[in-house]
Amino acid sequence: MNRNDGRKNNELRKVKMTRDYLLHPNGSVLIEMGNTKVICTAMIEEKVPPFLRNTGQGWITAEYSMLPASTITRKRREATKGKLEGRTQEIKRLIGRSLRSVVDLDKLGERTIWVDCDVIQADGGTRTASITGAFVAVADALNFLKEEGQIDDIPLKSFISAISVGIVENEKLLDLCYIEDSNAHVDMNIVMTDKGEIVEIQGTGEQAPFNRVDLNELLDLAEKGNKELIEMQKDILNGITKGE
Amino acid sequence: MNRNDGRKNNELRKVKMTRDYLLHPNGSVLIEMGNTKVICTAMIEEKVPPFLRNTGQGWITAEYSMLPASTITRKRREATKGKLEGRTQEIKRLIGRSLRSVVDLDKLGERTIWVDCDVIQADGGTRTASITGAFVAVADALNFLKEEGQIDDIPLKSFISAISVGIVENEKLLDLCYIEDSNAHVDMNIVMTDKGEIVEIQGTGEQAPFNRVDLNELLDLAEKGNKELIEMQKDILNGITKGE
Amino acid sequence: MNRNDGRKNNELRKVKMTRDYLLHPNGSVLIEMGNTKVICTAMIEEKVPPFLRNTGQGWITAEYSMLPASTITRKRREATKGKLEGRTQEIKRLIGRSLRSVVDLDKLGERTIWVDCDVIQADGGTRTASITGAFVAVADALNFLKEEGQIDDIPLKSFISAISVGIVENEKLLDLCYIEDSNAHVDMNIVMTDKGEIVEIQGTGEQAPFNRVDLNELLDLAEKGNKELIEMQKDILNGITKGE
Amino acid sequence: MNRNDGRKNNELRKVKMTRDYLLHPNGSVLIEMGNTKVICTAMIEEKVPPFLRNTGQGWITAEYSMLPASTITRKRREATKGKLEGRTQEIKRLIGRSLRSVVDLDKLGERTIWVDCDVIQADGGTRTASITGAFVAVADALNFLKEEGQIDDIPLKSFISAISVGIVENEKLLDLCYIEDSNAHVDMNIVMTDKGEIVEIQGTGEQAPFNRVDLNELLDLAEKGNKELIEMQKDILNGITKGE
Amino acid sequence: MNRNDGRKNNELRKVKMTRDYLLHPNGSVLIEMGNTKVICTAMIEEKVPPFLRNTGQGWITAEYSMLPASTITRKRREATKGKLEGRTQEIKRLIGRSLRSVVDLDKLGERTIWVDCDVIQADGGTRTASITGAFVAVADALNFLKEEGQIDDIPLKSFISAISVGIVENEKLLDLCYIEDSNAHVDMNIVMTDKGEIVEIQGTGEQAPFNRVDLNELLDLAEKGNKELIEMQKDILNGITKGE
Amino acid sequence: MNRNDGRKNNELRKVKMTRDYLLHPNGSVLIEMGNTKVICTAMIEEKVPPFLRNTGQGWITAEYSMLPASTITRKRREATKGKLEGRTQEIKRLIGRSLRSVVDLDKLGERTIWVDCDVIQADGGTRTASITGAFVAVADALNFLKEEGQIDDIPLKSFISAISVGIVENEKLLDLCYIEDSNAHVDMNIVMTDKGEIVEIQGTGEQAPFNRVDLNELLDLAEKGNKELIEMQKDILNGITKGE
């Protein structure tokens, strides 16, 4: 099989992260993975949700949205529908959980980091791009706190990034674009640390189940992709943090 | 570590499935896994969602809910809040996707099977119990269609069941109850077919990431648990279907 | 007229109350009246609604719901619709009001008893079965408070139960099942105490008005039915309370 | 006991009905009962709800609302809250059911009469005033249909009106104003036809249960009150209809 | 062009304001402008919105609604739809902003004046009639505060009223009724003080843009109309306030 | 007064429009006015709202939103709140009305142009930037229809743009940034055609009313600003349309 953009099966799309993309948030990144473009921001609020009050612990929460014009057919605005779709809820929970897994919330102190991932243009892999970009925005927001003297060290335990893998026409592919994703029999999103450990694995074989050999090959691909993404994060963050 | 109910690490809780639990639905099962109790039902509607009209294809959709008194602290009713929580949305989508993966929707014809999983009592593993019980209810609903002469064969491609596994205090455990689940560093739900293939894998290491060796051990446990559950489904369904 | 289940006009369906049906709530009852089955629970919260704060007075509030598969045609979930139907609101208010009428809220202290009535299977009379079953669950919750030493006595002023009566094809019937209810010209629900006094009467002659002679005969039937129900409550509660 | 406005126990407040109060609806009445003032309107729509399509049968549906400034303390607008209160739902269902009970819906033809009862000023008895006033508005809307030649006869089976009765400090009172209603131990609303038959009875003894002797005395009062109200309706409608 | 009610182009419809129209609010006016009728009320609440707490400053907020039967075709109730229309939001914001512009909120003290404008009958110009009537209701509420000794002076900086103007078939008209409004190419609402200054101007040429000569002629008409309306307000308020 | 960015009172901020900013919509523009950045898109749907079906006429509708991180303090997402704010509703209606005023909807044919304006970064003037940018996106969408042969000519009657003007510390200013807008006593948004005609004027003197001399000076400023903006639109659209 030839991929429609000529990539090798184990090749990422062209990735670009623009740091400090916006003026107001404490951290902001425009991440582009091929035609997929997501604005990821991190804003600090000096307040925690009720269940954490007076615990000394902080919180990270994420929201995710797609612009109506980000997709081929206009996507109806959730604000107009008056509620979040199930897919949106799943993705916002996944992003929040992934980021919380690498931040030492005790050291963050009683404050919340609000992460927003807004998809400007969609071509597959928006949730994984969101996590990869949001990690950088969060690192910048933590750096802001450190520079303001509010925290002593940047409480990051590891780097994390995320990538999709899948099986399309019996080929195992890394970083699926939309057309590949639509034809995938197995579709998997994997969030990993810079040590190659798994933070989240979500795989579905709605079209056809998969066996453990398949799973292992997909994990190999994901490991390769995440390694490359974390290299880029380290480059762009330029020593701000090394994880703990 | 000793499990609080004396089970071995690779041991399921006591499982009981009561078929034909309710009068009105086409299939209904009360599934009990230890103290977790879920009513799973399947009802046929001679109609499909708009995106399937005139395609000849059927649909399966699932809903999930917990009774307010199913949990230790009363759970606020989603109908009163006026919206579904993110967790509920995730679970209902997981159940629906899992069941659709083993039904030949073309052979089902233009009708919808509505699956409802209502948790009467919760002690961990409600989503996996829902899938295991709902499979039996769906098989009964399909059998109803066959007996009514609406379909020629029961369009089931495989059996499926689901089970949770996790890492608690460095021990890998099968079928976590609530207290174990609360203390798990890694938490995973795995839906499998009777051929041991994976339909869904959802694993999260919010408390601590895990490596691929851990993942493999967890999959071994899940495989054992799912195998036993599918045996019970086969027993209770008593030859109604063998899958294709 | 012969009733479809062979009962006499003034005869209740088979009634069964299973106490302590669930693990977590302070009181819980599965009540079955013929094919109608309702799980009634009572859970104590150490908090009152804003309008009662610092008054020393407690509160009882009720919620009611039907499982989607409890009815012949699947009932759309109110949580999915995002709001409670008018019928549900009426019933939850009726249950709450009835239970509050027999509890001395001053003696309850500043706490709320949350009553939940979830209809597992519906065959007419779900609201009256809810009241009859919920009374027992509330008595158990009050007994729990007493055993915990939080209150000195069980602050129940009377027993209450509820039953439906109606006029079907000119016959006056006690305890209508669904098919009778659908054909009733007059439909009435009556909540009574163990002294035979009326707590609530709600009668409607949407199909045909009724006169005061009819009303009196219906009340005779209701009195007989409620008397029998309260006997069963007394049996099952086994002296826990006698009312004041 | 002396009533605060000097009325006898069995005396209605001053009643005034202004017919054709508004320009646009097919029937409209401003009903005043003492300080309670309700605008009741009836508008015809040439359409029925889905469950009646192609049955040849018509429908009557009612809505009820209170202006924010109709009450002593400002009542929060339900449109702002985004949902109807339980009380509103109960009342709108009661009004609709009462009016449907006296209209021959087959003869109405496939059209809907929308009844709106908007309380301008509240001093107790707003739901019963709504029914009494709405009956006149509906009669006028039916008369409009007859004059337009859309129906041959006015399909009214009886007149109906409604009134509240209650027990306040052991006195049985007719037509309670707000202050009496707040102090009532028993509170009852009764809808009756011109033949003295009961269409709806809703009685509640939340503060204290009542016996059947009490009930009979309350019904006597209600019968007297409704008789007088129907006389006024007949006067104002001036022979437009006699019922069938 | 002859106006359908024979008015001159620069002539207001017949205006009538009934003060103290309702019993409960602190100020209330029924304003009638031709067939347009609006109940305007003002109620004082001893509380301010969160953003003003402990600032010593008061607030005025407005709500606007149309009765379902106020329009030719029944207008669906926003409480039933569960949300406010965009048009309603625009109007309530306009009314609130206009009234706040002439009240010295510092002198009002930490309290809120709730203004409600409920359209009983609509024939064009309901938003401007609402402002004109609400000003009188607010003046009465402020007078109530003064008479109660809660404030020393009535903190009104000016009188305000509002009127619509527009271009219909190339004629510039004052105070458009519904049929004129429907045919207008340019439609403008102007809120003015007794000094002839502009508080709000909202003009739209959806059907055809307009030039500055047109604008000036429309402003002349609006000035004349507002002058006359403020005269009537002064008459009816009878010296209660002169503005500052 | 010196403006904080050194501009003259009648000077626009630096304006930049990036055409074809996104891949999927039929027209898309990133408009930057100083620090204000808005993505404006136009997507064609071959369908009209119910009130236009079978009229042969088309429709343009607009939606507006701000990214949570577009403002200094994070703006809560309307999709999370479950409803649109009043301000959002006002702006979306204004954008839609303005664009409809210059498109010949009969010549558009039975299709809808969906305009989306998403504010990426906010520094005042987001609604006027939205209109100016959306005009270009709509022109491109119309050009797309023409190139596809679906319409013969581009049915644009004029160019339009929009700008804010205001009075800050007695100075009349063109194109207010956020800090100026916050301190303005008078705030006005003006939509104009390339002939200098007014399509919309919305001016508010909540802090202080203004007279007609002020109004005229503000209109002079707006005319100058809009003229310059339309020049830029003409440049960037490069002869695609001249208006009719």
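Should a chain be cited, it is by its letter among A, B, C, D, E and F, assigned in written order, with residues numbered from 1 in that chain.
Keep this in mind: a contact is a pair of C-beta atoms (placed from the backbone, for glycine too) under 8 Å apart; a residue touches a chain by one contact, two chains touch by 3 or more.
This is a predicted model, so every value here is computed, not measured.
Within the contact network of the assembly, the step distance from subunit C to subunit E comes to 2. Separation of subunit B from subunit F in touch steps, taking the shortest path, is 2. Shared contact partners of subunit D and subunit F, listed by label: E. Over half of the residue-numbered contact pairs at A-B are shared with one candidate from B-C, D-E or C-D, namely C-D. Averaging Cα coordinates per chain places subunit A and subunit F 33 Å apart. Centres computed as Cα averages put subunit A at a distance of 59 Å from subunit D.
Annotation for subunit B: residues touching 2 or more other chains are 82-84.
Moving round the ring of chains, first from subunit B across to subunit C, one meets them in the order B, C, D, E, F, A.
Within the complex formed with subunit F, the residues of subunit E that make contact are 83-84, 86-87, 89-90, 92-93, 97, 100-101, 158, 188, 192-193, 195-212, 215-216, 219. Against subunit C, in their complex, subunit B makes its touches with residues 22-25, 28, 35, 39, 41, 43, 45, 63, 65, 67-72, 74, 77-84, 88, 114, 116, 118, 120-121, 123.
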